Structures are given as structure tokens and as C-alpha cells.
Amino acid sequence: MEALLLQVLSGLATGGIYASLALAVVMIYKATHVVNFAQGEMAMFSTYLAWQFIQWGLPYWGAFFLTIAVSFVGGVVIERAVIRPFEAHDALLAVVTVFIGLFLILNAMAGWTWEYTLKSFPSPFPAQAYLGGYLSGHQLGLFGVVLATLAIVYAFFRFTPLGLAMRAAAENPDSSRLVGIRVSWMLALGWGFAAALGAIAGIMVAPLVFLEPNMMGFVLIYAFAGALLGGIDNPWGAVIGGFTMGVLENIMGVYVVGTELKLTVALVIIVGVLVVRPSGVFGKAVVTRV
Amino acid sequence: MAAILEARDLHAFYGPTHVLHGISFGIETGGISALLGANGAGKTTALRALCGMIATRGEVTFDGAPIRGKATEDIVRCGVAHVPEGRGTFAALTVEENLRLGAYTRKDKAALGGDLERVYHYFPRLKERHKQQAGTLSGGEQQMLAVSRALMMRPRLMLLDEPSFGLAPLLVQDIFEILRSINREEKVAMLLVEQNAAQALDVADHAYVLETGRVMMSGTSAAIRSDDSIRRSYLGY
Amino acid sequence: MNLGWRTLGLLGALVAACLLPFLLSDYRIFQLTLVMVYAIALLGLNILTGFNGQFSLGHGAFYAIGAYTAAILMAHYQVPYWATLPAAAVVCLGAGFLFGLPALRLEGLFLALATLSLAVAMPSILKYRGIAELTGGVQGLVLFKPDAPAFFVKAGLPLNQDQWLYFFTLAVTIVMFVLAWNLLRGRVGRAIVAIRDQPIAARAMGINAAMYKSLTFGVGALYAGVAGALGAIAIQFVAPDSFQVGLSFVFLIGAVIGGIYSISGAVFGAFFVLFVPHISEGISRAAPQAIFGAFLIVFMFVMPVGIAGFLRLASAWARRRTHRSSPVRGEAP
């Protein structure tokens, strides 16, 4: 019983990473109705930037916040330069292909700049283990960082005029224009936020796995599964879904299928949710009129 | 009195379809004008054209400055509030959030509280429901919300697309009364698009009658109201 | 008249294809064999995504299933290499059809997501210890290239292994392409395209969209499977890490660059995805990927119909020019 509880807690800690990335994905989905397949690679690239800043002598938290700021700007730039030209394109093939192209370019740039050798990434939290050795200092710290981040994001969207404007632009772009909101810039800001969230997810996960260009692939699939599970158009759902996937990963891994089939678990959940209840647990069921 | 908005030879297109064929009209500062006509006459299209929501050709000036061809959000920032067909409320957001969004472009944020109070004074029902999700409001309440949101902009001109649509007659009268008060007290010019010509002519000073994208007749409301042939041919009563 | 040129061109290409193995080195022959293998896989993706509008990011997973089917049959059951192709075809047709059934309810984006997850999960499924006895686990399975049938030696035409495999693959490729061409220009093909363009109208006209979509998914997977089997034989080796998600991306790239809405696009795309890494690997390990990514974005912007589409447009433009300069009597210019 105690072991199960500890697995759950440990799962919640890593679930925070999935929740952050899932929130980033849902943010962009709400505004554009497309899933950003390159979200993981953007996060990976941000993590490499953080690593580089630390290599250049910046203290950990300095590098952390600098990376978030740079990633935010990077997200805005990517939206303006790469995504915006395709805004008018209706064809799904065009949009997703561009995301895949972005994925490949970011992955290649990271590999070319920092090479493919595994690197270790520092953690600012004490290395000791808590709760009888089941939770590392990093996992606890990670959980705290994620909660703080989510709280800040929530407060921003709920209480600030800009946050309100971004919510409005995502929900109803036409009406938003009628109150003077520059909808296309709201979109760019949304990308900036998503990129910043991804950076936090990447920096937090890097000490747990090794830093290498393909490190976010697993995290991204789990984030997708969490976002779908919670409801792809629901930010709360994304967060809850992400935490759930973390717990599920641990429970399934220890008690059911072993650690080898973790990705298969995500696959089953993704296909399962899409087939049984595409709007997810908390999402709104969309009825298409013929 | 000077014209706050003037459209000259305005053409509008939905894609390749030519829907407005060079219409000209104007609204006096602080005045109320109406665009009348049957379904499909091009009234809603005219409002959309003024706000830059569709492709246009011709000349439109607001307060003397040209606005045709500008982006919707830039036209709006000049002081034009558009209450669209279907109200355009943000259904997932609360009543108060909708109202705050109306004030999004205002520089004087301190006056927001006072403005909210004024809006609630016109529409007490909104104050009761200010924490409610806008999508759960009744049709009449949504109309009130849409007009209020436009008011929060402190606009110089309000464009109203069928404010009476789907509302019970008594409610329609109420709303038009309030529109008249707003026009008088806040000195906001208005352009009303209405199928309910009788109500519109009661409230407007000046009216234009449209048919298939052209202005068939224009004049003071008194003149149009008293002309039997116009009333019967174009206004249906 | 244009049809005459096209047929002449195809015949010429066929003749050249038959002569090449005697003029090139073994390695080049091997590369060309792989080009044909990829062309078959890409043709499957074109049918599924280009013609039927079902966006699959998991094509590599079915390629892997085909490859492993062939490998397991050859390594464990001593099945002759040529018999593994129909087996891989059947297995993948079934797997594709089965995956296509739940996928029926998934539109565009979500189908892409589901197929992507399949592609990402595939290596770990192949590595799973529970079936490692069959699949060879992380190490994979080793195969042996077949010798040319004795008949050729006796006929005085000694073919080495690479040359024989080349001709075998060429024959299979021609068959697969002719089958696709036949399928797409008939009633079935029109139904497939109708489902892509106007799904509701198609259903209203009595086309059983669900059945067609699942079948098309199966057909796409079948092509990937046959290609996978041929690829396994050519490379003589299958291992889980050869079939990572990157493979599905490579197929998408080949399809888009070659021309996803056409049959010939599969050939152009195959040349592209095989030779770009070959040429650019020397620059850096990351170069092929960067080039792929850049080309994807640029092509989507400038030439979404791919090389094949561009050639078609160019030839139509050229035809209009020649007709205008020399009008046929009685025909309006």
C-alpha cells in the first residue's frame, strides 16, 4: 500500500512535466485548432540553450529565467516567420507538414550545434532522497516549480487584461477584432507562452534523462496522451491529464506491463480516447453540422 | 452638423461576388441613421464593409480620415463600435469579462469602474448576472450585453446590426428607448440596420433604403415614414 | 499525341532500368534497389494520404511489420524469400485494415496523432522481451540475400546477388505500380478521391465511405509491408532501431517532395530521400535532416504538388504554348 502511494507521488512529480508540455500543446490548439507536433523539439532546443548558458558560467536560476525569456521570444518569432505564412492554408497536410519540417530543423540544429553525445544536466535541488528513498530532491523541486508555473499562468490568464484578450482571441477571433484586439499578435504571444512552458518542462526533465536531441520524443507523446485524455481544448484538462499520465506511467510500469511498453501504454490511451470519447474527459463534445 | 462617417461609392465583394454596387451614405456627428430594406438588400454587408471585414472598393472616411482598406481592429480603435449580427458575445467568458473586453483599447483604465456602473445603470439585469457565463444569457440579455460592450469602448459611432432580432416586442421597445438615451447622453452617433423599419424610423433622424446592394431612397425618417409607396414596396408595411 | 510521348518515355525508362545493373557497381545497384523499395512504400502513402486524404504519420510502422514478417519467416521457418512478399502483404493488409477501423472516427489531425503514436511506439514493441525469441529482441535478425535462380546461369546470363535482387525488385515494383494505376483510374479510385474531397456527398451517393477508408488504409499498409519485406531482404538485416519514427517522417518527406497526389511522385520522392542523405552525410550528421526539414517547408509553400505535380503543370503549359503557335485547323486557339 505504501509502495503504491509512493509510486503515485513519484508519478505526480514527473506528471508535472507532462502537464506543462500538455498545457503548451492545448494553448496552441485552442487558438489555432492544430496540434504543434514540434512542441517537444522546441522544448529540447530551449533546454540546450539553458545548458549552454550554464556552461558559459551563468548561475542555474539565471540561466533558467534567461532561457524562458529567450524561448518566449523564439516562440513568437517562429509563429511570425514560419507559421503565419500558412495561416490562410486550409489544408491539414500543409500545416502538419510545416510542423514536421520545424521538428526536423530544430532537431538537426541541436544535433549540429551540440552534437549527439549524451550530456548531463544539473539540478538545482538537493540530491538527497526523501520519503524513504522514493522521491528524489529533484522530483520534489520539480513538482514545486511546475505548480508555481501553473499558478502564474492561471493568474495571468484569469486576472490580467492581456490574458483576457488572449482568451477572447482564441475563443472568438471575429468578435475580438471588433473590440480592437490584434488577433494575430495574440496568436504569436500564445506561441511565446507555449514555448516558455516547453522550456520549463525540458529544463526540469533533463536531469532525469540525459540531454540529447531526441530526449523529448517520449515526453511529447505522453503530453499528447495527457492532453487528449483531459480534453484537447481544455487547459485544466490538459494539466490533470498530464499528471494522470505520470501516475499511470509509474503504476503501469511497476505493476502491469513493465517499463518496456511505456510508449505502448501512451499509444493505447491516445487511440482509446480518440475512439471512445474524442473530446476527452473534460472537453466539450463538438458536434459537426452536416 | 458635420458628418462623422461618410461612405462614397462603396463597393463590396464576398470573394468574386459583387454585393454592394457603389452605395453612398453618411451619418451626422451625434445623429442616428438607419439602413433599411428587405432580407438580402445588403444592409449587414454594408456594416461589414465599413469595418473592413470584407473586400471593398470606394471611399469611407471617419471624422475626415480615410478608413477603407484598414484592418478591422484599426478601424475599431478609431472609435467605431460594431454590434454584429448574432451579437458576437464571448460565450465562454463571464458578463463582466465581456464588458472589460469592450474597454480593451481604452487608455484611461481608471475610468473603467465608473463605466461599468453606467452600463449597469442602463441594463440592471446585466449587473445581476455579471459573474455568469455569457453563453447562458437569454437572447434579450445577450443583446443588452452586446450593446453594453460597445458602450464600454466609449465609441464615437455605434453600428448596430438588427438589434431587434429575435426579441419580444416589449423588449425591443425597451432596447430602442435605451439606444435613444445613449445617443442623447453619451453623444454617440449610431447607424442602425433593421428589418423592423417602423421601430428604426421612430428612433432614427435619417434613413437609407437599400435594395440588392443599391441605395433606392434616402431622406429624413419623417419623409420616408410618410411616403406610402416606399413603405409598401420596400419596408413591407 | 501526348500519350504517345509518355508511353515512349516509360518504355525508355524501362529499357534503361534493365541495362543499368550491367553498367554500375554493386553498391550503386543496391542503392537503386532501395530506391525502388522506397518507391513502393511511397506509392502506398500517396494512395492513402494523397488520394484518400487520410493523413498517416505511421507509415514506417507498417513498413516495419512487413520487414519483420519477412525476416521471421526467412530466419525461423526457412520460407523462401519470394514467398515472404505475399505473406507480408497479407499481414499488413490485415493490420492496416484493423488499425483503419477505429481510425475511421478520427479526422485529419487526430488520425495523424494516432498514427504518430504508433510509429513512436513501434521500436519498443519490437524490442519487447515477451516476443524476443521471434523477433530477435534488440539485436534483431540477420538474413541472407538470395542467389539468382540457376536458370539464368544456365542461360548464359550470370547474375550476381545484387543484380538478381535488383531485377526481382524491379519486377515487383512494376507490378505494384500497375496495380495502383489500375485501381486509381477505375470506379474504386474515383470513390477514394470522392471520399477525400467531399466525404458527405460521397456518402450521400451511396459510397460506403467507412469500408473504403478502412480498405484504403489496408492497401496503404500493404504497399508499405511489401516494401518492408523487400527492404529487409536487400539490407539483410532487421532491428528495432532501424524503424524509429524518423522513418515515417522520411516517407512523408518523400511523398510530399515527390508529389503526394500522383503515382509518379513516388519515384521522384524515393530518389530524393535516398540520395539526399547520401550526398549530404559528408557535411555533417545533422545535414540530411536539416535539408529534409527545410525542403518540406519550402515545398509546402511553393510547390505543394511536389516534383510530379510541377512537371505535369510544366508540360501542360508547354502544350498550350505549342498549340497556340500552331493552331490545328478547325480548332479554336
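Points to keep in mind about this one:
Think of it as A, B and C in the order they're written, each chain with its own count starting at 1.
Throughout what follows, contacts are C-beta pairs under 8 Å (C-beta built on N, C-alpha and C of every residue); 3 or more make two chains touch, one makes a residue touch a chain.
Keep in mind it's a predicted model, so treat the numbers as computed, not measured.
Chain-to-chain contact here is organised linearly: an open path runs through the chains from one end to the other. When every chain is reduced to the mean of its CA atoms, the largest separation from chain B belongs to C. Across the structure, the highest number of inter-chain C-beta contacts is found for A-C.
A comparison of C-alpha centroids places A closest to the centre of the full protein. Per-chain CA centroids place chain A at a distance of 33 Å from chain C.
Averaged Cα coordinates give chain A a centre that lies 43 Å from the centre of chain B. Each chain gets one centre point, the mean of its Cα atoms, and the points for chain B and chain C are 58 Å apart. For chain A, no residue reaches two or more other chains under the stated contact definition.
Those residues of chain A that touch chain C in the complex are listed here as 33-35, 37, 82, 85-86, 91-94, 96-98, 100-105, 107-109, 111-112, 116, 217-218, 221, 224-225, 228, 258, 260-264, 266-267, 270-271, 274-275, 278, 290.
Against chain B, the residues of chain A that register as touching in their complex are 161, 164-165, 167-168, 171-172, 174-183.
Chain B makes touch with chain A in their complex at residues 51, 53, 71-73, 76-77, 81-82, 84, 88-93, 97, 100-102, 104-105, 109, 149, 153. Only residues 49, 55, 57, 102-103, 105-106, 108-110, 112-114, 116-118, 120-121, 124-125, 127-129, 200, 245, 249, 252, 256, 260, 284-287, 289-290, 292-297, 300-301, 304 of chain C touch chain A when the two sit together in their complex.
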